[in-house]
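Multiple structures are listed underneath, in structure tokens.
One chain, subunit A, appears in both complexes that follow, with subunit B as partner in the first and subunit C in the second.
Coming up: the complex of A and B.
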């Protein structure tokens, strides 16, 4: 019986060591423009990097100005070399002010997550 | 979990129902591969499988639909042909979903013919392999991802083999009531097989937990994922305690005395194991839609 427990302990330890990190469900890791940041000049694209590989067809974002007006964004593009990042082109130059990025992401394990963050374009 | 409660409820219910049907469709035929003797319970098991197969198809299609609804943000959006095309043709899980639909259709056909335990078991095994790409296990890539998939398949396969073997065992035990010693050999062989399944379940379960929780282990007790995992572990421990009682207390007593009272006790114990097994599958359904702590 001791051998049985020793084997289980060894297996659990091996798995714990092999596990480099927990993901499951794509969460926003970092973004450009950054979360809560202030940028000078209008960004040409929004880049959102997640903790998991994305499915481009079902991932995307909306950009909303502080006054409530929506800014057109392109479809999400996920480059093969960067499977955890979606790039969205900004449809027009952004005027100075606050903006909210409302994102949704579908990861390769079929789970959908969503969230929002703000950034500011400096005058 | 989905922001739409209807989608979340559908995901949970269909996963639970589907897992229950698949456990039966995989574990029950496997039981009759190593259970000796001629029992009417074998025919009863086939009738049970014929009933479980269409339920597996219904719950399987429902589960895929709920996954699709979760991805597109609600059931209404699932009716959009563009979304359907995207899902099946431009996602890594589209092929998995299509293969699953084909396997479910084959299961429906096979279960309508004469008893074919091996064919049902093989189809259920393929469905177990297929579902590894429809959840948390599919999040990895490369060798690490392949290991996650492999560990998931071992875990679910061993769990379904154990849980699905209990109902036919129960039927065989009930049938042996007039002559209790008749079922001793079946119970002994199932106990040996169950021990192998349990070792695989515990080892692969530890692996799964390590993959999904990893460095965030300290956050586990305060998370919904941790609560579901604890419930699953507690229910499994209760099942193990009953299995231990059956193997090490009741079985030797039955072999020595042949008492019908002992057999009645065993039947109740196995029935309780089945009920606890449903709880384990419910906890597994919850874990699949709950984000692990990060």
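Coming up: the complex of A and C.
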């Protein structure tokens, strides 16, 4: 029993301290436009930064106006030098009002997460 | 019966059972993700999901109380629990704890406890989950009866029910980071009485947590300063009530049917591969303890550390099905 626990503790600790951040659930760390923020002027892109590296092909987002209309977004792009961030171009200029970003992300170990947040474009 | 100042005797068993039950709240934890909600591995009760995790160590400290008002034994516990998913909804766990005390000095391992836990229902949209479990505390698998703090010489079976609900679907933004979890257990010893005639009561254990997730607030409501983004403050409570096969109250002792428990604030840091939790446990009455104690846990997320081997279900492991 003690051998079992000592072995697992050593292995787990080694991985916890030596891993590069390439695993685990991807949770939204920060975004642009920011979560719950008010921005002046229409953003040209949505940038979502997560706690883990992403698989671009299985990650993406939708942008929905407060009235329910969808705003076209480009495909998620994950730059090699910024593997935890997906960039999505905004298809048209956003009118003043509230918007919801509905995102889904798959980290490189296939854990899938999703979520949504709102931001406002000031008049 | 005079106050229970002995290290351990069968007459003192109910008192030790109370302390050990309070201490034993610590080892059984894990973290769970339902929809957008991360339920952390809480200290007083288990979270409502199944996981691949290793809680090591889980620490507890509490000072007991004697019936005459004087402080009782100062009890400590260092526990561990390993949890392995068999399927995405079913997990097996194994755990134990080393307990020691001062005033008077005594020490010993508690019995091995095994558990099968199953998630009956979960709904990602409403961040809700319900699970149940059957656990068995195996007789005499801890320290022998000759030890100063021996393990129970009888087996105890426990049926458990768990529930969790996140309020991400609330219409008010300030309410969305909140979540609640709860657990109700019924523990029944398989032997009604010991050789000396003392009884082994059945007990109802119940607890709840109220959580405010800054993790959730940062991702879904409003960005918070970086230093606070991975924190989940909570308030927890945990009680045990003997309900059957309870011995008559002995003179000079707490009433045998007394409900014991602890409550208090807690704080969790949820990292990518591990979680750290601490809690101040405040006794609800003198039978539960005389001073504020503490709980702490270091919990490794094996599903995140070893996603392709040790950390995935033995059967029916599928992408997107990870908790």
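The rule we apply is simple: the second predicted complex is superposed on the first by the 100 of 123 C-alpha atoms of A that agree within 3 Å, B and C clash if a C-alpha of one lies under 4 Å from a C-alpha of the other, contacts with A are read in each partner's own complex, and residues count from 1 in each chain.
Basically, contacts are C-beta pairs under 8 Å (C-beta built on N, C-alpha and C of every residue); 3 or more make two chains touch, one makes a residue touch a chain.
Keep in mind it's a predicted model, so treat the numbers as computed, not measured.
Applying the stated contact rule after C-alpha superposition, one finds that A:112 touches each of subunit B and subunit C. In the superposition on chain A, A:51 makes contact with both subunit B and subunit C. Contacts of A:28 after superposition on the shared chain: subunit C is touched, whereas subunit B is not.
Judged by the touch definition given at the top, the superposed model places A:89 against neither subunit B nor subunit C.
By the touch criterion stated above, A:38 is placed in contact with neither subunit B nor subunit C. Residue contacts after overlaying the shared chain place A:104 against subunit B, while subunit C stays out of touching range.
According to the touch criterion, the shared surface of subunit A, contacted by subunit B in one complex and subunit C in the other, consists of residues 4, 8, 12, 15-16, 19, 21, 23-25, 27, 51-52, 106, 109-114.
Across the interface of their complex, subunit A is touched by residues 33, 35-36, 38, 54, 56, 80, 82, 96, 112, 173, 215, 218-223, 229, 272-274, 300-308, 319-320, 322 of subunit C. Contacts from subunit A toward subunit C in the complex involve residues 1, 4-5, 8-9, 12-13, 15-16, 19, 21, 23-25, 27-31, 34-37, 51-52, 106, 109-117. Across the interface of their complex, subunit B is touched by residues 4, 7-8, 11-12, 15-16, 18-25, 27, 51-53, 55-58, 83, 104, 106-114 of subunit A.
Residues of subunit B touching subunit A in their complex: 2-3, 67, 70-73, 86-87, 90-93, 134-141, 144, 147, 151, 199, 202-203, 206-207, 209-216, 289, 291-294.
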